[in-house]
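The next part holds the structures, each set out as structure tokens.
Below are two complexes that have subunit A in common, paired first with subunit B and then with subunit C.
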Partner chain A sequence: MSMIDNVQNLAREWLDSKEVDAIFGLKEQDGYIAPYLFTDVGELSCLVISNQYRLCYTCRPAKENILSLMLQTEPNAKIGVVVRGCEERALIELAKRGQVDLKRIKILGVACSKEDAEECRCEKPYPGNLVLGEKVEGVSGDENVNALLSKSLPERRAFWKHEFSKCIKCYGCRNVCPMCICKDCKMEQELYTETGWLPPGIPMFHFIRFYHISDRCIGCGECEKACPVDIPLLTIFKLLQKDVKDLFDYEAGMDVEQEEPLLTTLDETPMREEVMDVGV
Partner chain B sequence: MLEYKNVLTTCPYCGAGCNFYLQVMNGKLIGVMPCKSHTVSQGKLCVKGWNAAEFVTSKDRLTKPLIKRGGNFAEASWDEALDTIAKKLKEHRDVDPDSIAVLSSAKCTNEENYLMMKFARVVLGTNSVDHCARLCHASTVVGLVQSFGSGAMTNSVRELEYADCILVIGSNTTEQHPLIARYILRATENGAKLIVIDPRAIPLTYFADYHLKQKPGTDVAVFNGFMNVILSDGLEDKEFIKERTEGFEELKEAVKEYTPERVEEITGIPRDKLIEAARTYAGAKRASLIYSMGITQHTTGVDNVSSSANLAMLTGNVGKESTGVNPLRGQNNVQGACDMGALPNVYSGYQSVADEKVRAKFGSAWNVELPQKPGLTVVEMMNEADKGNIKAMYIMGENPMISDPDTSHVRKGLENLEFLVVQDIFLTETAQLADVVLPATSYAEKEGTFTSTERLVQMVRKAIEPLGDSKADWEIICNLAKMMGSREFGYSSPAEIMDEIASLTPSYGGIVYDRLRSGGLHWPCPSREHTGTPYLHKEKFTRANGKGKFWGIEFKEPAELPDEEYPFTLTTGRIMFHFHTGTMTRKTELLNREVPTGYVEVAPKDAARLGLANGEFALVQTRRGQIKIKALVTERVPEGVIFIPFHFAECAANVLTNPALDPKAKIPEFKVCAAKLEKVKVS
Partner chain C sequence: MDKKGFEPKILAFCCNWCAYAGADLAGVSRMQYPPNIRIIRVMCSGRVEPELVVKALSLGTDGVLVLGCHIGDCHYISGNHRTVKRMAILERILGYLGIDPARVKLEWVSAAEGARFAQVVSDFTSKIKELGPIPLQELRP
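Up next is the complex of A and B:
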């Protein structure tokens, strides 16, 4: 039996046995795939797995994570979620911040294929809580990161200046980010970036987000995929993830109990000196 | 249990035709999600698209019909409102059908535009139906038809990425069609040369190989200069000219006098830059030309458009992938509103009202004797209303009080009407003048199709139920037509309307909802088996004899030039964060935060001379009117030129603009008029 049959069957079992009240997954209709909340087992034949969409995103203008909204709207429901590696990491980070109650989510963890992992440049293409599918190795080393690191600092600055000059201020990178959950977003504030201008202030418009997300980015790459002008945002976040790992021995999305370093460092672990001159 | 779904639909803002999902939870809109498998948007959106859900549920939405009594609006039932309208329109129709004029809407669906033009012609008995395409691309429809035989974008958006050279003239693509600019940038990253011809420094100029800053209104001279250089260097495509075109000798004669030296005098573009840019365009294997309102909104709009067609034909850049002449249409469905015949001289598919056979075909399909007399265009309607010849108007989804030139005159015209109906989703500046206001639904509450700038017909899907008592425009038109006694409006769904459109419109012959559900179709799509036409004029041009036609065109000055009293050239346009008359974007928090009000861009030297500092208020005056507006001192505009975005009612650029018209296309000259500027103290 194919992977998708297994996922559909398990989802059906969970719904039939009332273990969950609904299954949040991807639905295919007329050749288009989009997130959907399945409550009727009859519809499960349209349930698909794809690396096209993440099931963990902030809805705007509500400015709430989709699962958080669902759990709030239906306070007694338990929801099964078809989850891949990146989505599980996102859920863990959201739970840390009190955004979702993991006790009310039943994870149907699925492994991604090698092709999907390569397309997403994903280092860990499976959830810790793997229910269906075979783990494949993640991508190790990143060509784009290596290419950038082989350049001199002035070259790198010129590279990013060119990339940020293309920005059309759509806020898409923030809008799709599963970790961008602030109600009061600093990117919108004139304190950091003068409003109404194109391109938006270089580099502060982007840097304020990089800073905010640096220890919670789970590397899903949605920001890069949402960028209308192809700014290589995943590359910059891979560099940030590496810095966070090197400096704090911390990886986002691994463990709900592990506190985020940018919150704890000030009172507990002292920041090491190198922090001050990290270049991206 | 909770319901949550994502409904795929087409963006209601510009003509790029992006698709996205509307997120719906328990019947309420909770957000927008890009669609990754969509051809143009590819999972990306601009800031307006991302925020396209917010205005839908704005507290300002109209939810009940309104009837004006004693100067104030009172809520009314649908029956009462439609009955009032039916009676009044019948009175005027029975005296003289041509005393009534209709504005259709580039914001509404194809089906609704088709019904509105049918309503005007069948129920009211007049051809006076037009819409805001008159104000943006009327010159495109005329100019490209006389050159190529078809007045639409020749190629498709995605092809831009594979061009070797892209020439952008009069289009601030990044701000007006952001997702089309995406493909221009991708082309430059593939090594394509980018030539931007624009008086202002726009975001694209940063990435351009050549930025030629012409004086506003000198585009014909620029084009003729390009062609003069190409011909003197022998870079023309001789085989293409011989096999595919006619009128070459006439063109050659006309451009002979436009030497780089003379063109420099007229346009201000240094001769060396002109020569280099012309050689770059002519030397490219595949060159795409993009233009927009920067060249169409002139008294020489048709000349400008046909000049761009001349240049493309001269170099053989038509009828192939990644080439062509590509007018970018400003509204989500302005292409469709034109295609549907919401124009005074044609029915759907540009079939001429003047052609007896065509009239007979539509007349027999609609069981009526159709009016022959050509109708009035937008600006003519306002003039005739002012004179008292137009007595009643029906306006659907348009806001001429902000969008039309010389708005003081528009107000006079509308106030002079005996009866005005406005059908809209908000109580716009225009709706406030109406006798009856009908609450329509937004794109999110109805089904239908939009046709994007690249002739791509795409589905609009209903995500939520209509707000309050509002109704979809197509339902309102059907109900009113029935109340006025017509039997030709008994449709049960938009799909049924599309079937009728397909049966009467050759270019839409193969368009049917079942095919559109899995993706759009590029017209011409003449049959159910036809897969659509991404680029036009492949083997022959659409003109009757199959040839493209060169037109020898002389440069003419704009209608109003700066003088001692009005020393500045005023030009107008749009910006990234707002759309047209601001009806939708100014009800969106994020967009208002970015740009809360209008401004006039002034060059630093001019500002210094006037003692005007950034952020201070200026009084801008023209022969039509005056506005107070904040100054933005910036090098984006050259000396002597000022720029005002036209979105903002409180400092409306169109109080100032010149209603002088292109003689053929009747498009007003929004892009050039003479103005004076002084500093004011605002208390």
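Up next is the complex of A and C:
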């Protein structure tokens, strides 16, 4: 039995036993794939997993990702969500920031195949909450990362100058990022990004995202895939993931209890309350 | 501009409670330090978001100093904890983008450390003189 049959069967079981009120996943219809909330067991045969629609549950600005909208209208519902490794990490990071409520979500974790992992250059192609499928080892070492590290400082400048000059300021990297949840975005502030100029400030425009996402990047690589001019953004994010682990012993998307390091003091006491006072 | 006779432009973000008072003390004590720095007073070193540092560098500042209270002495209790964490990330990103992380420096200067302020500024200025003008112009297409 193939993977997708297993997923469909398990989803059917969950729905039948009323363990969840609905299953959230991708539906294929007339050759098109879109996120869909399955409440009818009969429809589950259209449930698919597609590599083209990764993280579709999460990529929306603050409070507007599909899952949280759904839970707003049905506050007591429990929803089963079909997730891969990256999607689960995204959900955990979003839960940390109060964007989704994990208590209302039952995770149907699915492992990715070796080919999928290679295609995404994924280092951890399985969710922590693995329900179906076999764990495969992620890709270790990244060509782009090694290439960048072997360059001297002037070579790196030349490299990024070339890459960032291509930028058309479409904001695709930000819009698709599951971790870019701010309503007001610094990348749109006149102070940092002048309007009416292309390419946007080098390196300021991209630096803003590098810094803001540094401690929360889950390494899904959606930004790089979304980029119409193929700027290798994941290269720096992969390096930063490693740095954040070295500096603060923190990995994004692993533990929902662990506070993000840039919001804690040096002895890891949360400063979140102060943040809430200012932000809300 | 060649490195010889190069006078760098250096920006120093000083926190209101410690470093700015330290700079003031250095001034009233008539301590000598290079005139290359321009001080911007901020209420806390935690106010200095890394974007501000990058903005300063991309506008042609050759080096940026961020000066705050010693850990534990922050007027806002944990403001400088933030600074120290974000500056670490900032330095890494600058390195990956090809900008020498040594152009950015975080130091703690208390209100009583006028001599230390002068020392930090002198050391940093001579370091930036060694590094030469900021090469960020070449990043502008």
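In this text, the second predicted complex is superposed on the first by the 255 of 280 C-alpha atoms of A that agree within 3 Å, B and C clash if a C-alpha of one lies under 4 Å from a C-alpha of the other, contacts with A are read in each partner's own complex, and residues count from 1 in each chain.
Simple rule for what comes next: a residue touches a chain if its C-beta (ideal position, glycine included) is under 8 Å from a C-beta of that chain, and two chains touch if they have at least 3 such contacts.
Note that this is a predicted model, so its numbers are computed, not measured.
In the three-chain model built by superposing on subunit A, subunit B and subunit C fit together without any clash. In the superposed model, A:211 lies in contact with subunit C only, and not with subunit B. Of the two partner chains placed around the shared chain by superposition, subunit B and subunit C are both touched by A:199. In the superposition on chain A, A:165 contacts both subunit B and subunit C. In the superposition on chain A, A:37 makes contact with subunit B only, not with subunit C. Applying the stated contact rule after C-alpha superposition, one finds that A:247 touches subunit C and leaves subunit B untouched.
In the superposed pair of complexes, A:77 makes contact with subunit B only, with no contact to subunit C.
In the superposition on chain A, contact is made by A:191 with subunit C only, not with subunit B. Once the two complexes are laid over each other on the shared chain, residue contacts for A:102 go to neither subunit B nor subunit C.
Judged by the touch definition given at the top, the superposed model places A:256 against neither subunit B nor subunit C. After superposing the two complexes on their shared chain, the closest approach between C-alpha atoms of subunit B and subunit C is 8 Å. Of the residues of subunit A, those at positions 165, 199 touch subunit B in one of the two structures and subunit C in the other. The touching residues of subunit C, when paired with subunit A in their complex, are 50-51, 54-55, 58, 71, 78, 81-82, 84-86, 88-90, 92-93, 95-100, 135, 138-141. The part of subunit A that touches subunit B in the complex is made up of residues 21-22, 24, 30-37, 39, 52-53, 57, 59-62, 66, 69-70, 73-74, 77, 165-166, 168-172, 175-176, 188, 195-196, 198-199, 225-230.
Residue ranges on subunit A touching subunit C, taken from their complex, read 148, 151, 153-161, 164-165, 186, 191-192, 199, 201-204, 207-208, 210-211, 214-215, 235-236, 239-240, 243-244, 247-248, 261-262, 264-266, 269, 271. Residues of subunit B that touch subunit A in their complex: 1-6, 8, 21, 23, 25-26, 30-37, 43-47, 49-51, 53-54, 174-175, 178-179, 181-182, 185-186, 189, 203, 206-207, 517-519, 575-577, 589-590, 593-595.
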